[in-house]
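First chain A sits with chain B, and in the next complex the same chain sits with chain C.
Moving on to the complex of A and B:
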């Protein structure tokens, strides 16, 4: 079983559209994991039907036991996040402001403050229209993605793939270079970068590549909308060659990309699109690379 | 010499855990004493953020000479481990602990 993680560093490069296309092409051979939990939108393209759901707990927030509280106000004084309010006559913690640092709990003279694990959302296992299982999550308002939640999504995907003897886990990775993307990459067999020929595209590619390099995971790159700026595309190709990143393909800018998206479809479902064949070829190439 | 493994279980036949920071267990094999000890790392794996550096700190305290794992440790963990003066070998993520140890002895693992 091989785990492929698709990341971009920068938003808007077409990462999720291409991940969903690979999910369509892989069909029953793969389990899909949406680790872009902050902006989980692969379900819009893959139309998953939920089979299973469970609550997800991550991080802590302070809760003040009103029976024990002696109204000394020390917690409010030291809270750097202004998360404690006593305008109602009681000291209360605002969950939206509390960062869970636990300082208030340490200084409370009567031990009235407890750090409670937060229910931040739900984790789902679903079946997509491509007839593969998909693990994804939904966060509550104000909750943020974490390495722990990504690890949970990946763990469920891996368990499902092992149980059903699947060949691939296709992971829509998290953006940026922080904790969630580190967790997305951890344990992967291959990384696909999706970039675009813009100044921020190449900058963010270089940045996230530094992380992948530390993990020493082999990688390839798709340059999407490559014809929009041929000079920067050439710069990206040079960067790939210099760093032994496999140049998987260049996709031209094409309206069918957006048209498919607005219809709630993956691009590969549009057989008339000039880029469908390129994406199909890219998936075949990826499979061959993974066998090595 | 002490060798640390990132694992999903606590004996020779356990599977390796390819992850560093969120590995379930760390097994430490003392080559001279032929003795195994393990550390349950699941409470660190359960942290929302910063699992890598916390596991690196743990490893720093265990003082092994060699670490065998799957991927290389990520950014912050790698910075801590640089100070720990240990050799890292990667690419053992799909193996059992026993197979990983054999691969290490035969020089078949990549240095991280």
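Moving on to the complex of A and C:
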């Protein structure tokens, strides 16, 4: 079983559209995991039917028992996150600011502060129109995306793939370089970068590559919208060659990605599009790379 | 005019955060073009708070004013008086400090700088010391002030760097500056940190199913924070009309529709500002600028 994680650093490069295309091509051989839990969009293309859902709890937040509170203000004094307010005359915790460190609970002289586990979202297992299982999640608004929900999605995907003897786990990763991405990358066999030839595309690719390098995961790259700027495209190709990142394919700047999305489809469902052939070839190449 | 805007009249300062649920919708394009255009006639500072992947600076060529290493505080074990009581490990909710045999190990990337271990240590054996987490740079781009921070690779938490960058801006730029924040994408902690201090939010989206879906999440997030907001549609003309329909139902103003053009994407790819080259883009930028002026004037 091989786990492929698709990331981009920068948003809007076509990462989710391509991940969903691979999911369509892999069909029953794969389990799909949407780890972009902040802005999960893959379900809009893969039309999953939920077969299982579960609340997900992660981290804690402080709650002050007003009956016990003696208004000493120690909690507010030591809180480094400005999470405790007494402008109403009562000491109250702002959930949006509370980091869940628990320091206030330890310092409170009368034991009035309790740390309560937080429901941060839901985790789902579904069946997609490509006849594969998909694990995805919905993070609650403003919830702490510490990467734990991402880890949960990956864990469930792995368990499902192992149980059903699947060959691949295809993971749509999160943007950026922070905790959710670090969590997306753990345990991956191969990383696919989706980039675009723009000043920001190459900048963000270089940064996220530095992160992947720390984990020593082999990687490949798809240059999407490659004809938008040939000079930057060449710069990216050079960067890939210099860093032993496999250059998987170039795809053209083409609005048919958006046309397909508007119909709730992946681009590979349009069998007449030349892009479909390129993505199919890319998936075949990826499978060969993973066998090595 | 919506009631939320009326509430703003009573405020004095003006901070506008430019946010989006989905990445890659044109947040940075709007932020850089709007900031540069407005700075031709008034004091403006643009702040790049997308510290994981900061891009605004790539589109603005200015002269470097300041460069500053940014630190967070982490505990540092001093063994001399330590009794290995294990209190530090037991109070840390982030598994960032551990007693291993005769040693206390600190894992800086997991530390949230809450000070609990340090201040609850009975022998004061864990003083907090600074650890570099990123770099802040400040530029002057003609009249425009620009401040941006970049998180070091391997640092997982964007929030402390965002918070310190905002503190720096508040210290260095007086209230007569219009402050524009380029916020990170998504709906979780970094976005909250970057927007909770703002007076008004511009949500940038594209008229596609992904754009709409993620914009709805962003709208809910901003409502949770009780922030007034308006929408800017980028790549207008592609996709469908669902974003407009949604905004109408929800009573959210759409203040500009930036056109979908390959030429705009090409200019962007080269790191260029758009409005000096594309009149149709500039016409929409003027609408957004007017909206800002209107908000500030009402202040």
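Assume the second predicted complex is superposed on the first by the 279 of 292 C-alpha atoms of A that agree within 3 Å, B and C clash if a C-alpha of one lies under 4 Å from a C-alpha of the other, contacts with A are read in each partner's own complex, and residues count from 1 in each chain.
We take it that a residue touches a chain if its C-beta (ideal position, glycine included) is under 8 Å from a C-beta of that chain, and two chains touch if they have at least 3 such contacts.
Owing to the predicted nature of the structure, the values given are computational and were not obtained by experimental measurement.
A.B. asks: Report for A:106: first if it touches chain B alone, second if chain C alone, otherwise both or neither.
C.D. replies: second
A.B. asks: In the superposed arrangement, which partner chain does A:188 touch: chain B (first), chain C (second), both, or neither?
C.D. replies: first
A.B. asks: Answer with first, second, both or neither: which of chain B and chain C does A:58 touch in the superposed model?
C.D. replies: First partner only, chain B.
A.B. asks: Between chain B and chain C, whom does A:288 touch in the aligned arrangement: first, second, both, or neither?
C.D. replies: neither
A.B. asks: Once chain A of both complexes is superposed, is A:148 in touch with chain B (first), chain C (second), both, or neither?
C.D. replies: After superposition on chain A, A:148 lies in contact with chain B alone.
A.B. asks: Considering only touches as defined above, state whether A:216 meets chain B (first), chain C (second), both or neither.
C.D. replies: After superposition on chain A, A:216 lies in contact with chain B alone.
A.B. asks: So which one touches more of the residues on chain A, chain B or chain C?
C.D. replies: Touching more residues of chain A than the other partner does is C.
A.B. asks: According to the stated criteria, A:179 is in contact with first (chain B), second (chain C), both, or neither; which is it?
C.D. replies: The answer is both, since A:179 touches chain B and chain C.
A.B. asks: Let me check the overlay on chain A: which residues of chain A are in contact with chain B and also with chain C?
C.D. replies: Residues common to the chain A contacts of chain C and of chain B are 59, 147, 177, 179, 182, 210-211, 214, listed in rising order.
A.B. asks: Which chain C residues qualify as touching chain A in the complex?
C.D. replies: Spelled out, the residues of chain C in touch with chain A are 21-25, 28, 52-53, 55, 58-59, 91, 93-94, 112-116, 119-120, 151, 153-158, 184-190, 192, 196, 208-210, 213-214, 217, 220-221, 224-225, 238-240, 262, 265-266, 268-271.
A.B. asks: Per the contact definition, I'd like the list of chain A residues that touch chain C in the complex.
C.D. replies: My answer: residues 9-13, 16, 38-39, 41, 44, 59-60, 78, 80-81, 96, 99-103, 106-107, 115, 139, 141-145, 147, 174-180, 182, 196-201, 203-204, 207-208, 210-211, 214, 225, 228-229, 232, 253, 255, 258, 261-262, 264.
A.B. asks: In their shared complex, at which residues does chain A touch chain B?
C.D. replies: Within the complex, chain A touches chain B at residues 58-59, 146-149, 151, 177, 179, 182-183, 185-188, 210-211, 214-217.
A.B. asks: Show which residues of chain B lie in contact with chain A when the two form their complex.
C.D. replies: Per the touch definition, chain B meets chain A at residues 17-22, 45-52, 70-75, 78, 90, 93, 110, 112.
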